[in-house]
């Protein structure tokens, strides 16, 4: 499969360059009969738009999606669902000076090394704007997940060096995450991170951060051993997002310095006090008992299969590479040069990565849920 | 694609349960004319065998591979290469007591939740022994990479809480990594980690650790935007390995708290003092200049494409979940139970994960190298 | 892979219903640097439009394609090429009476049996209009084939029971095929077929026919044993076209009653008098001699691989099922009913199937040509 | 996907050369819990063995399959099912004289043109013996189809120019097909065909023929529009069998000279006198009425979807190209030569193609049945 299609049964193909005529996606394999309308997609695209607050680009586009096919009478037809979003705010001239130089930290040079030439305007397809097609496709996947009572919730867990309290902490406030522009689920942390980021922007610099995600409501047993494990597919999906540099599940890297006796999540009968229940237990095969876990250090995944406990992972994002501070680079002719990147750019990618992380997770899950229909006779 | 085939053009399909008759793989899409013999595969399988030193299982098998097809006269035919390894040391009786209980930290319960029943003997296909097919397939991929002067080198970078010096450190000793049973590239660290692990084994516990990997010699531009990015494919491959809980590339999670000015790797003309050269530069398209980098915080990947600098990543592995300390679990009938896992088990997965990490990386690279033949007209 | 993506390395995903907002395609995996403009696509779409002459529908649409992505400065970028064609001439009201009845010979009933409901307007995605996306994608594939001097030429070889002379016959006139509305490469046969079809139309009936195709310039060795053979892929591609009921290669069904001594094509040195040369011989591997054939009953394919001789095949198409003669059917309520199908329909599918056959062949070939870059070290 | 894996959810990967150590397959994606034992596979392999009667090779091998994985306690585990068959009767010396010449009608020359060299012994992987892996995989698919009451039945419908009566003819005798060595379902025709073939063998020549296939019990709606249509997938599967030169469904090529009014199968309520019922009607979605057809010229497929009526198709096979009559060829050095092919060969491929046609059909159906589980919410 060429590189722009994702999935096996429920697939998403995305297309579009930052400053070309349009971007979009084609979702194939979505079951027929799923209620879906333009607002389902538009809502997610709105979440992807720059939210202000100092972290975002000043490029403003309506990003109104048009459903071109696959939906009739408010329901999916079982045929491919194509979604189109026109580019309307291209200021290609902003990028003219970048035509013959390579921005450090961006894909410019390896892209030319691969293809021989590139659309330099806004990074072409290596722009963050590419994720628009992902978010549109993910919105369809989310609509499917709602039928299964599966929820995907992501948030900025750290930004500009400020770490917010996590789900186990009483200060963690899910509603707050969509309230502030950085999508940090704790107002005070959000304010401090905003300050840190403002200072970096002021100095012509940029900030990294992490996005965490929690998936709830998954039936146990989701995932395809051995190369389509749930964590493997999620990791592949997340590291396909620009600027992502790492991922960890559950206890993650800290598990690497732990010992078995504190990392294993003991198994107990469902309903045991203080235990984490395995969701979807009612759909278990005959003779398989329900279960719960005394902890969830595994992050809801064992042997690449969902356990039914919440799936938890965190993705590390590097700072936005476009900075106005001077950097060393070379020209297309091979000469050394100094570069300071202007234009409209985010300073910290995290808040806008949140809906992309959710979209990619939703695409993985929708696919696995359909595939799992063939697990047993 | 079902879950046991990996890759697009250069594919590996693996099969086999821990205590079934055999394990193996079928490699398809390998170009014709590649020199390959049984020793190429056997050498890698030997590296996967328990190395002793306190970290390994005491199960001993010759694991002699048999090439069943695809090779004639010492060269690959262009047809599928099937490799078979018989199981000879099964002691299924060891596992009889586990038939009706679920081991915490293992896939036992979610596996039954998925399939309705399982081969409980040694974990069946969720056993670490499954990686044998991967390593055999990876050996074929490595033979292909040698033709391109691409090398894949992995080592245990931490184990039992002991961190070894990394590639930038003068104490880092590549040869040492294959000298000690933990595969730690620094003798003193290896000795300390061995002690820590011995103590854990003594107490009935187990240890986690990290495996790092460096890929050298890659041409720039390898990877398929947007869903087949080099880091995305590597992350998906690594997280498909049992017990892996996270991965980071280059500066990784530390980049998330950094700023753009220190994370971007400035670009300079090749040959600039102190710079990291982009390998394979001689194969660049016309009019694209050679490049080097003043640092390699990106870990050799930008925008999902290789930069030609060494690709560097680290995988976190949780402690082996089989421990002889008592743990809470439930029986197949749903009753609470205590369990202490005996049998032959590793204490720390890292040294044996090293060749698996290399194998999976080699599979990703072989596939991408073939695919990249179609990058340009 | 879900059902609307075709190919492995060079892929085409199509979308769109007959009376929805738009149809189109996304071509992925096209090498960068290929000259491509809108006229390349528009030219093929024009060939697909109803040509008049009594065989075609009276639906008239400009079918102007818009390239949304993947092309910059007149060359392909290596990124997905999305092409959009708006529906502008929908007369959905024409189909209102078909909402609750199933047209015999159409997909109406099995479509509902599969998906539970359907877009009844013009057949929705089971309409012949669906092929528009294929033709647009095929136009990109054709542009790639031109770089390899590979040509794909299809024509109506029989229609309404009238068989035209074939390539071996001196009356066969390739230029004539694009001159008459039926695309029959022999003026006299075309006139007789037009008469036969006019009579059928008059009586409220429709006509079947065959489309033949010749591919010239292929290098020997194209095809992937064993499940991706050249003839296997072409057969799969052709039978995916609506109304196709059969295909034969070279001597085809007549070979089934022949004997080996007359079916085998003897091999001779290139340049032997009267022999069919194997094209692309200059690209042979070292030590493999050039070859020619004393005949081409194999239709240019042996063991699923191109021989370098012209690839020849014929596809059988059933009569257009939409006829105004009364037919038995049932309603959505299950009651028996009589139906006479009005609306704008072709009477014989062949002339409009010609560019679709070419498009599908081009997609198969473009994919195999890229894949074959990895045949040997 | 490389060329030796077939299918999307239920996949078969085959391997092995005619004179290598072994052949076999890996079936992936088979649901867990399916009863399966070695006899299920051995039975089909026995049907593939030379049946004598003058049409078959004299090579005799036990072809005993060994299940290496994926089955435990007589049921499938949900893991890959690997099946191994050792080659035991290789007489490679028989082929020594063919090492440096190319047999007309075989893949020898294009194979070398592709890969640069080949395993000349018995045709290597281009041998008919390759189908052994397909038949073993098909046996697993058949076991799955039995759970759905779907049957696949193929027979020799013509051989050596003798056509046997078809299913509509009272002389058609299904049981007889497995009684005579040519698998012709009519004793008298079988005797006449045997005579014709014996005469051809006597004269050093070989015979072509056709294999027909009927699939019964399919639910309506099976198939994936638009590139995974039931007929498209079957055609691709059948033309991947060596020596196949064509396929037709239902009325097939004769439909091409027919008219709509006689080709459309009128639709009637189920139970209507003389009608062909649509199987599996009880599984229809809500509000979709049951249906029957007044005829089955469509061969059980409309718009690429099963109608529930029997699926009927016929595959044309060319004569076995190995003949002892002298033929023109060239040597590896490029010199003209005469060749007469000795060795152990079939004279007519049809009887042994019968189980291969069934196996490939079963693989297509098993895959589509699993995929169709995701047709609707």
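In this document, chain identifiers A, B, C and D correspond to the written order of the chains, with residue numbering beginning at 1 in each.
As a convention for this text, a residue touches a chain if its C-beta (ideal position, glycine included) is under 8 Å from a C-beta of that chain, and two chains touch if they have at least 3 such contacts.
Worth saying up front: this structure is predicted, and the values here are computed from it rather than measured.
Using the mean of the Cα atoms as each chain's centre, the chain most removed from subunit D is A. Fitting subunit B to subunit C on C-alpha positions gives a rotation angle of 180 degrees, to the nearest 5. Separating the CA-averaged centres of subunit A and subunit D is a span of 45 Å. Chain geometry summary: the mean Cα position of subunit B and that of subunit D are 39 Å apart.
In whole angstrom, the spacing between the mean C-alpha positions of subunit C and subunit D is 25.
Counting partner chains per residue, subunit D shows two or more touched chains at residues 1-5, 8-10, 14, 29, 32-33, 78-79, 114-117, 125, 225, 375-376. Of all residues in subunit D, those touching subunit B in their complex are 1-5, 7-11, 13-17, 20-24, 26, 28-29, 32-33, 66-70, 72-73, 75, 77-82, 84, 114-119, 124-125.
Contact residues on subunit D toward subunit C in their complex (touch as defined above): 1-6, 8, 14, 102, 104-107, 109-117, 125-126, 130, 134, 158, 161, 200, 204-210, 219-229, 231-240, 242, 244-253, 255-261, 263-269, 278, 284-291, 294, 298-299, 302-308, 316-323, 325, 327-336, 372, 375-376. Those residues of subunit B whose C-beta lies close enough to touch subunit C in the complex are 8-10, 29, 31-34, 78-79, 147, 225, 370-371, 373-377.
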